[in-house]
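Paired with chain B in one complex and with chain C in the other, chain A is shared by the two complexes that follow.
Here is the complex of A and B:
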């Protein structure tokens, strides 16, 4: 199916549009060039009956087939009604201009395809070209929204027959793009095919209530209800913070009281709550640094005020705005001067940049990245650092949201160059980086075989980069560190490294930036980084 | 025939200017959107590596200098160079660039012909042996721009269908309209090339044609030149129905989408605009969205996810 796919194949009834062939995936460097297990688990017959997997045999959403022709008709009509709203200045003022521009002016030159890590890693599967989703959408619009004359549709090759399965495939395909926007970066016409993925997700969510449950029910809905997408309540947060304080004392001998709900503090720090659950050492490191540097800061226990995630940025404008507003309300109620976002890429983009055109009045509280502050602390000498404590190979992963999507490139590099003698870049890096493969919510989507897909396909280019960055020290006995200042990227690395056995085969650990800073603190008795896989 | 081309030319120019203007105004009148900037942002101080003002601590207290001229030159340069294509698909670029150069130069050629005709009315003799240096410069500039337009346009129109058929990705996304365009444009440029090389090596007829347009006097021209001018007029009328407005909208997209990093500062103009947009009504039908409310209401009070439709 890889070669010579026609657009019409997307609507072919039954069967599977694309098959991921392990032999065609882009080769990885040794020892990962020979995977023993099949890269992506096959779905069971029962799963296939229950969920549509006719796109590529992988399921992120898993729509259930309609029970009757009437149900199918209603489904299609609802989608088309949503599609019309996408072009309404009332319903979609948020993205009308960039979306319209892309659909009207993309010339399908395919320059973007060669920039897409998923397309490249898949062995150039046509189905993953960044132009595929917009093309299907364009055809649906031509026939069912604009109702163009059949002859014009022939002239523009924009004919399509819409049925439930085509829409189910389109919904799945919208979740094969990590929204890294590398495709948009190379477009000479200013088009953004990644945005089209997001807008398709939006129609399904805002009109039809369809989204991966990890993003919606267990994500933004849960965050607005209990306070965090992890399900962590304010009471649980306080327990975890007690644990974190004990851990800090045990590791460093320092008694640090983490400030919580401190009225009038200078800065509200909001972490991705995933850190509390999976990587508490990141919180510990932040607390140690800010305490040592004498920063006047606090955490919040308000709804959404202790979880910087905002999954709406990937699929739903309304959910996005709700979370952004709750986060600002938390800051407002504490009376802080500014909000600082911890190490989380999408939270940076969502909270600092995207929310900038949602928050007004007293909710428009200044928001910034933690990285310039950390840079100032490290480079100013406010804390004493000994780089020799970090004398192991370190490379830096650039979270797309933080770097390509908001231009924070240099501070993290200046920190690493100061404290890591063996720092080396991946290629390409900076604003041309490759996505970790877990972007746009993929890192948290656990549906059936989707985690296999994101390790085998969407994260493949990144793994290749990491292995190549350490090619001079391949031995697993030499411990190496991938600095990833982003919780979602770390989640992807955790799963992908586990999938390939990277810790065992190459001795590569992943972690945040603040852990490296604390590890270099000269007055700590023992290393902060514990070289253990978790 | 001379009268026909005068009328058709006026119709074509008025049509393309009006439709392009309508399209560009419609583009610009779309509402302010959520920020969706992408780095490098060329007007930024650290654009070379893609850095932004967010690299500064408390960025809202610091000056954020913008170099708009750099952005403008960068975006215009790509109309003439198409660097990403050169880097990423050299074969495609080698035909696409001449195809576009042909378009830019043929428009430039006609604009210059207009000025040449005005100068001629003012008494300037344009030709290789003109007594005035301006007349000789005009002659060579017209010869250069016209010649480049016909040669590159013909070359590009011949090569584009070949490269589109040869490349799997381009072929998959090709539409009959693409091949029609290549053929039509080939006729436009090819007829001009033939008329120039075989019948009008000094391109004198275009000056006569433009003189006729300005003075509303039917010019006497070679049949092949007339054919080319008719095709070119139809070409101008057809262009607004293609994606050709991208010569302009791509620059708008750079400035108003990709490089739009204007922060919403408290009390500023942007904040007032956003306030207005948040007052617009929402009609999305998802269960978590209260249809009929304003954006501001939907995202704050009653729109909480647990409030199900029908129960609220």
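Here is the complex of A and C:
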């Protein structure tokens, strides 16, 4: 335990609170136990001057130091004003109750720490404990919001001094938790420490305009302006769909017209826009399955109507509401009976669970996950499937939002058990799975050395699980498949597999669920999954 | 750090101890026997209710339970009604498992790095001793009701009889007394022995444990080593209940310490993390049914929003818009 960090250290001026030691990281199975490069790149002197990295030497936001004491004072006051709003029912009706519960009576048994993949993988860096953020927040509240008597604070040892440095570290620390809520699941009192990370982000974003640019400017703001968080406009979408139709014909010989803006269709399918840019085979597979099963479906070309992402769910209530409403408006203008969400975890949480109270009147169009629909298609025998076409080792990754948050556990397993003869579970799995390490937007945050951190630390447990699930077939010549029905998780796997050279060393490919279904379709001439495009 | 935090809490207990003794041997002893009981009890009840009202007033806009199993979905997909309840009965069942059996704590695993690989072990010790402590504390509190009720209700006698079933020693050692001591000792040692836990523990974490240990020890002392006159104690307790507090005689000094600790606990309770006793029932991650996909959850507190549509807007400003050269939909 050489990393013992005290909360007092958190407020210490200058220097770094925690140092990630490569030797302390949780060991990976061979051949990943010997990595030549340093796990996390060091920032240059110039970068360090420009961006604050005094938490752990990693930068997700990279706040610039204040130019003057007045600026620093204004910064602190703004934060405290936001904090006060966080605890009023008028300003924070969304998450006030779970927030106060968590802060009020956590008994600090610390049992949740061992449930946290980031804390474990980092070699138990105290700074990453799920209880760390709530404890810091509790102290700030005790001193600056509740204004408790100094003697009482002394007795509770809850003193803290706020300065720019402390807040900059807190802002960064809020982006070291993937919001996977594994800690909340094991809490004996139901405290939700992950939510505290999200609420801290909310104060920084809603009150101070501070958020990683991938989530805000290039994320939800761009989505509301041009139509999708990837910057893809409706015109570009049409181009891509033409390309997708050609690809489908080339791969399967089928001529499929992807329905676009079809009025009165039964179901509007919304994909994560990342699929259009990075994984068009996912769209192709959806189109092939829905076409073969005779589902009456359509895509939309309205702003946000073709992009299921709603980054607000990770950092900002206002952006969240704006996007949710635009998505529902797109469905309303088409007059569809329901919205089906494609393979995207956070869109499930955002669209199905959280949007419930925002969509009023006729905007409240039923929203469903694509997984039960796919299960129904596969298990009912509506399309002819030949499992022997998927005769390679397959394991399943459970996206936290679908599985732990919503409890969609069985459909994807029933599908895989039917179509993949070599399906095996990783340990632990189902509702007790580990996060991919890219949760809550990490997979898209590309700031300086942050991608290194999420490959080396937050995704480490997942990589270990995947390698161990295939430990009976470690040879790279044997092609293996990790099924991850979530765009964000796939983004994390793409970066992490590249970082460790997983394809070269172990021959593991990642991809969605629908690709496996299409690959098993009996009447296709050639396999759908193209291993060479790893 | 640990020395400091633990030290402060032990010091606080010692101060309480001494003040209890000081009061006991001074003419002010009526403070402890006649005034403080009411003060502590009122603070406890009012504070307790205040905290609950504060929590209950906070809105719960949507369902955010933590699900630990398959939720209710298509009819042929087997759901898990207790781990992911879809109705109020399931939520009650889940809460019962949580409160009576500490289900979530049981779920925990421990991860140890052995050699070069992580090994998942069981973390059931905390569950076992935690459960032991809470159950025995409940039984002890219930047993104490015999001081406040005359005639003693048969179920209290029954409970005491079962608790002292093995008839070890004279007077009989209650199993719950031994269990509560074991539970508390485990919880206390865990905080001191586990380094990761020790350095993050604060004064209030130790204080709760040391205070409870103090109450239990003084209680055991009175029963087994320095017997208090039970009749006098009962008169004292009945005096409180009937609002005619008496000054007891011949009850020994230990009881003053015991009482002082109990009143401290009562008064401190509503402001401490011990409020988890009430909070666990209100915890939205546990007490909500996971029915987001089945039911619409209407927002009960929002007033209807007055909407100013574009048509109305244009109606109002049409002339001005025309003058400013802005396009209008209707002429």
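In this text, the second predicted complex is superposed on the first by the 530 of 534 C-alpha atoms of A that agree within 3 Å, B and C clash if a C-alpha of one lies under 4 Å from a C-alpha of the other, contacts with A are read in each partner's own complex, and residues count from 1 in each chain.
Just so we're on the same page, a contact is a pair of C-beta atoms (placed from the backbone, for glycine too) under 8 Å apart; a residue touches a chain by one contact, two chains touch by 3 or more.
Please read these numbers as outputs of a predicted model, since none were measured by experiment.
Visitor: Clash or fit: chain B and chain C on chain A?
Guide: In the arrangement built by aligning on chain A, the partners chain C and chain B clash.
Visitor: With both complexes superposed on chain A, which partner does A:454 reach: first (chain B), second (chain C), both or neither?
Guide: neither
Visitor: Quick one: is A:78 in contact with chain B, with chain C, with both, or with neither? Answer first, second, both or neither.
Guide: It touches chain B, and chain C stays clear.
Visitor: Pick one for A:411: touches chain B only (first), chain C only (second), both, or neither.
Guide: both
Visitor: Mind telling me which of the two, chain B or chain C, contacts the most residues of chain A?
Guide: Comparing chain B with chain C, the partner touching more chain A residues is B.
Visitor: Kindly classify A:224 by the partners it touches after superposition: chain B alone (first), chain C alone (second), both, or neither?
Guide: After superposing on A, A:224 lies in contact with chain B but is clear of chain C.
Visitor: For A:364, select first, second, both or neither according to whether it touches chain B, chain C, the two together, or no partner.
Guide: The answer is both, since A:364 touches chain B and chain C.
Visitor: Is A:120 touching anything from chain B or chain C once the two structures are fitted on A? First, second, both or neither.
Guide: Second partner only, chain C.
Visitor: Contacts for A:27 in the overlay, against chain B (first) and chain C (second): which applies, first, second, both or neither?
Guide: second
Visitor: Kindly point out the stretch of chain C, out of 21-29, 57-65, 111-119 or 309-317, that overlaps with chain B after superposition on chain A.
Guide: It is 57-65.
Visitor: Of the residues on chain A, which ones does chain B touch that chain C also touches?
Guide: 4, 6, 89, 93-94, 96-98, 100-101, 104-105, 107-111, 113-115, 126, 129, 131, 135, 155-158, 181, 184-192, 195, 352-354, 356-357, 364, 368-369, 372, 375-376, 403-411, 431
Visitor: In the complex formed with chain A, which residues of chain C make contact?
Guide: 1, 4-5, 8, 12, 51, 54-55, 57-64, 66-71, 73-74, 77-80, 83-84, 98, 102, 104-105, 107-111, 113, 116-118, 123, 126, 130, 195-197, 199-205, 273-276, 279-280, 282-287, 290, 292-293, 296-299, 301
Visitor: With touch defined as at the start, can you tell me which chain B residues reach chain A in the complex?
Guide: So the residues of chain B touching chain A come out as 27, 30-41, 44, 46, 49-60, 78, 82-85, 88-89, 92, 96, 167-170, 172-177, 180, 243, 245-246, 249-254, 256-258, 261, 263-266, 270-271, 274-275, 277-278, 280-289, 295, 298-300, 303-306.
Visitor: Within their complex, state which residues of chain A touch chain B.
Guide: For this pair, the touching residues of chain A are 3-7, 78, 81-82, 85, 88-91, 93-98, 100-101, 104-105, 107-111, 113-115, 126, 129, 131, 135, 154-158, 181, 184-192, 195, 205-209, 220-221, 224-225, 316-319, 321-322, 325, 338, 352-354, 356-361, 364, 366, 368-369, 371-373, 375-376, 403-411, 430-431.
Visitor: Across the complex, what residues on chain A touch chain C?
Guide: Chain A reaches chain C through residues 1, 4, 6, 26-27, 29, 33, 89, 93-94, 96-98, 100-101, 104-111, 113-115, 120, 124, 126, 129, 131, 135, 155-158, 181, 184-192, 195, 352-354, 356-357, 364, 368-369, 372, 375-376, 403-411, 414, 428, 431-432, 464.
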